[in-house]
Amino acid sequence: MTLDLIKDILLATVPLLIIFPTMFALTTWVERKALARIQNRIGPNKVGVPLTPYGGKLSLFGLGQPAADGIKMLFKENIVPTGADRLFHFLAPILSLIPSMLVLCFLPLDFPWLNGEQNSVKAFMLDGAVIFFFAITGLNTLAVFMAGWASRNKYSLLGGMRAIAQMVSYEIPLVLSAVVVVMIVGSLNADNIAKAQEGWNWFVFQPWGLAAFVIFFIGALAETNRSPFDLPEAESEIIAGYFTEYSGFKFALFFLGEYIAMFAISGLAVTLFLGAGAGPGVESLSWLKIFWFLTKVCILIGVMIWLRGTLPRLRVDQLMGFAWKFLLPLSILNIFVAGFAWHIKDANKETATSVVVWIASIIILYAAAKGLDRVNRAKVKPRTYQYGE
Amino acid sequence: MSVLGSGIFKGMAVTLKNFVGSYFDKERLTTNEYAWQANDKLPERAGDYPKEEAEQLSDTTTVTQYSRNFPMLLHDAGEPMDTVRCVACQICERECPPQCIYIEKSTEKKERSGNKAQFYPATFDIDVSVCMSCQICVEVCPFDAIVMNSQFELSTPSRFGELLLRRDDLLKSNDYYYKIHPEEASARDKRIADEKAAKEAKKKAAEAAKKKAAEAKSKSEAEAKAKEEAEAASKPTEPSDTPPAESTATPSTEPPATPTTEPEKEGSAE
Amino acid sequence: MTLALHHCLILAAVLFCIGLLGAFSRRNAIVVLFSVEIMLNAANLNFIAFWRYGTNPELLHGPLFTLFTIAVAAAEVAVGLALVIAVYRHFRSVDLESLDTLKE
Amino acid sequence: MTVAAPNYELVQQDGLETSLLEVSMGPHHPSTHGVFRMDVKLDGETVVDLKPVFGYLHRNHEKLAENMSYLASMPFTDRLDYFNSMTNNWAYALAAEQLVEIEIPERAEYLRVIMSELTRLVNHVSLVGFFVNDLGALGTPLLYAFREREKILDLFEQASGARMMCNYFRFGGLRCDVPDGWLDRTREVVDRFPKFLDEYEKLLCENEIILSRTQGVGNLSKELAISAGITGPMLRASGVNYDIRKVDNYGIYERFKFRVPYSEGDVGDCYDRFMVRMLEMRESIGILRQALDGIENGPIMGNAGKVFKPQKSEAYGRVEAPKGELGFYLVADGTTQPYRYRVRPPSFINLTVLQDMCIGQQVADAVIILGSIDIVLGEVDR
Amino acid sequence: MNEVTAFWMLAAISVLGALIAVRKRNLVHGVFALLVFFVGLAGLFLLLLAEFIAVVQILVYAGAVGILILFAIMLTDRVTGRDAFRVTSRGSFWGALISLAVFLVILLPTIQDIPTIENPTPKETIVETSTVKQLGIHLIKPYIITIEILALLLTAALVGAVTAAQGGRASENEENNK
């Protein structure tokens, strides 16, 4: 019994370990190319396969860049600052990688060769998948603290504290927006959530689903320190946040951890709101599910890169204010609206009432967003200027 | 301090337009690939770089016909040392703000094509690491002997002696000058031609004037003699001094060696 | 032999005593808070063990009660640490030995 | 293992013994524009004290000029504010022309206005790019700005031979005339610039994050600005209508119709400084259009004597450089070398109020306030 | 069978974590050991098929309480414990003795006379009955009041903690920015 259990487990986990790190390598390349193109430059295109020993190079659009970075990271000298807790300095990048990797297996990735009959692997689809997801991403905060504390450097401690404050205060809107979907589906299991969104009735098309998706996406950005919230590594203020003292492969691990966390959390966003694996032509070809799932994840990653190319950074207090004063009340209100809408839809099924409910919830949510926005943004508005002769 | 709002989406629309535009719109994607590669080891001395071929100047995307870099000495067609224009008057050495030119005048003069025998620079060094390519030497040179080259790949493994360009490295032919700066070269040669023509015309006019003056003088002397005999007969004491013939100093192209006068060449006419 | 109830009970007892040891033998208030946490968790382990091997598990008494204790413990840690910080601000030290002003 | 001596003094603050964190930002800090250091004392996130330290780029420019001929120090003025070499040259040429009676031809005057307005565009576009880069927008606006700057630098290269170190102005006119076809290329660049500016404003001016991060940060009141001798866009951002192009009417500026934007309220924070520069760019385009229409052919060099040897006199020529009032004070003693050569650097004087603006702000804002002052270390340290 | 080996492994991890947490001089190392202890316990809960409790344990203890204690340590001094203060309190020897006595005299005999359960309910039934939905239903039907009281308790704790930790700062702030 133990032999085929191991076989099943390997069948489920090894593809994860292959797909996502390669996607990580590709994403670094896509990110640099996309950012370059946004800024009207070409991006990395020099690393290539040397054709002949004398010269000539197949540059293959710089696809060699991730490999080059990887090799560089491997051979970079690994500096540990004196006076640093050697053990925790070494443990921090590993602890930052484990949760992101572990969380990947809760996503409803139905690989074609797994087609459902291995019940032992089904154990992965355990009951409290969503809650497990948030529990384990919570460990990431620990890794950040450990890195900040262990490198005994004023800047990295400051960066670590900022990162923790940001992660903790954005985890609550994140969880509350996930609660909305769990409440509607009635189960924490990622598979049931995916089943509830078969065909085209994804949750994002519901008003409360859209609001929850926006809050979840903003929370996800903050959780993985991306774009408008990349405060910990704000180079213009304190140098590079908690991974200042890391070089060589440990820095690569942090980098890998951050990207895999990005994949994991956008995977969850796709599962909760964008109907994991649901898409045209899924009934006929079953392996299309995994294809649709990955394209949606890539679209979300694309939006993250797009945001990174456009938006400046928020200040610490604005960041906190935004989480506690805007996202949190909005997500709580969203839960009420979702409950209200779902309850009425259950009561009577005709389309008329559901349309009315649909519009009513949109109005309420929009009014709430605008109201909260007005409260917070009383003093900030574009000004007019006068011209002297 | 809310974050969501229309301004952000407008900004994202702009970056999307740029992202798409960078593939099609030529005006957006202005970066071009820098092609020139030193395929073998870097030359030891800055002077060892290939002299005449223009292609080692790298493709014209980075070096246009207007860009100027380190100076070079011009010589007309033929053997460099025979037709070098520079006469080692050392004006550029004095005027150069960072003092990066070093000239040693030759002892004896040398016959140059056309005009009189002139000195020539025995050594003419420019320290490329000091020169800031400000083109003042080109302005102050009365003989159009020094102009700006546009070759900037002169890197060498070490930065002391090797970055010193000697006279032979600096000497470049005039048609090389035409090749890298066609507009400026033709304008400069036209100006030299005009000045030469103006000088001839003036010389001719001067000779004509001298001849006329000579005849006038001879005629006036003849009359004066005639008058004298007449007056001698009447008033022997009145002194008569004919105005000394005014010597029109032909503007010799060779300025007196005294360093104070710096004839300033006007900028080349447009 | 399969996992039996008394395995867990002994483990819970050992953990409880380690917590007790910590609470008694450390000067730093925060470490005492650690130890109280360890004791609470040992108790939780007992609840779950009895529920697992108990008579009718479908009533879910064990997990329910553990949920309540976890919630209370979290509140307790929060307040406990707040008090420790307030004490620290006042007495400039967290050493339990020196906090004996009630003695006189 | 000895703990490194903590460089913070313990400060009693409402019981909880916190320490002022002393952070030195620079001289190799990614956000300072060049070698400039700020010793900042932080209480948590807020700046308690800030001491600017500079001088790392001092090149003894003024003493050098006293041992060189007037013309020889013209190329060194390019290196003062290396972003706009044309206006530096003009200020020096203006001062020198006051020493000697030189009459400047029409075409030279027009070309001088065109060159300095093009430099103003380059400077303001790049400044806005650096400013938003400090805010954290990862270089996108900066690279748009540099893409436009490349086009203008190509024009400078065609006119003077070098992109940044032009050394193009001479006493009494310009060194050489612009190649033919240059004016049409300039007109083309100037006509395409507003389209880029609209796109730039759409990206930056209504962005809520920029609004909330720059409004109310680094306030400079009108009185402090005037008493500290602040000039240029920073002064206009504090609500003072003072532009040397209008005050002195040097060159032929009185022929062009243009307006001077300045802020209404006198709060003068980073947002005002950012917006004043954006609006000034539009005015410069207006001037450029009028200048390009008005220019005709003609000589570009006045009757400059063979040797520039002014008799014993002194002169102060000033120009509205993109960063403020750039002035040159020359004392001539009859020889070919100036007796005294003094530069009035606008960014150095604007930097003096950095401390008053930064106290009480957050550490992230100190970086932005420095960015909004627009300093270039070549000019600050000379 | 691997269930027992898993039990022994997790037990060892938890005991080791708890011991280090208690004995270590350096507080931060102590906290990390404590976190290892919490995760070990979560593993034990999983082993005893209380899967939801394991998740909550990680979420509450390993995630939140750990960070809370770390922050508290940051705010108080003597963190690295390298200075000369005595780590153990005066009566530390007697404390150890008492805890040992408690273990041997009270706990072991009580465990001895608990009757060994012959037929513990099979694993499958427990897995079906103890799903999260079931737990939810139980929480709502009979224990709705306790949930409300718990919510009240948590908010009270939150408010209490904030005011206690902030101490005089809140009131002072009003004065100096009035």
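Just so it is clear, A, B, C, D and E label the chains in written order, and each chain counts residues from 1 on its own.
Just so we're on the same page, contacts are C-beta pairs under 8 Å (C-beta built on N, C-alpha and C of every residue); 3 or more make two chains touch, one makes a residue touch a chain.
What you see is a predicted model; the values in this text were computed from it and never measured.
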Inquiry  = If each step moves to a chain the current one touches, what is the fewest number of steps from chain A to chain C?
reply    = 2
Inquiry  = For the interfaces A-D and C-E, which has the higher count of C-beta pairs in contact?
reply    = C-E
Remark   = Taking each chain's centre as the mean of its CA atoms, chain B sits from chain E at a distance in Å of 87
Task = For chain A and chain B, let me know how many angstrom lie between their CA-based centres, rounded off.
result = 64
Note = In whole angstrom, the CA-centroid distance of chain D from chain E equals 61
Task = Calculate how many whole Å lie between the centre of chain B and the centre of chain C, each centre taken as the average of the chain's C-alpha atoms.
result = 91
Message = Quick check on chain A: which residues sit in contact with 2+ other chains?
response = 38-41, 228, 309-311, 314, 317-318, 377, 380
Remark   = Residues of chain D that touch at least two other chains are 15-16, 140, 144, 147, 203, 205-209, 211-212
Message = Show the residues in chain E shared as contacts by 2 or more other chains, in ascending order.
response = 52, 56, 64, 75, 167
Query = So in the complex, which bits of chain D are touching chain A?
reply = 1, 3-4, 21, 23, 30-31, 45, 132-140, 143-144, 147, 203, 205-213, 215-216, 241, 243, 246, 259-265, 271-272, 275-276, 279, 362-365, 367
Note = Contacts from chain A onto chain D in the complex sit at residues 35, 38-41, 82-83, 154, 158, 228, 230, 234-239, 308-318, 377, 379-389
Request  = State the interface residues of chain A toward chain E in the complex, per the touch definition above.
outcome  = 2, 85, 88, 126-128, 131-132, 134-136, 138-139, 141-142, 145-146, 149, 161, 164, 168, 186-188
Ask   = Tell me, which parts of chain B touch chain D in their complex?
value = 1-8, 10-11, 13-15, 17-18, 27-28, 30, 64, 66-68, 95-97, 132-136, 139, 148, 183, 261-264, 266-270
Query = Can you name the residues of chain A that touch chain B in the complex?
reply = 34, 37-42, 55, 214, 218, 228, 306-307, 309-311, 314, 317-318, 321-322, 326, 369, 372-373, 376-377, 380
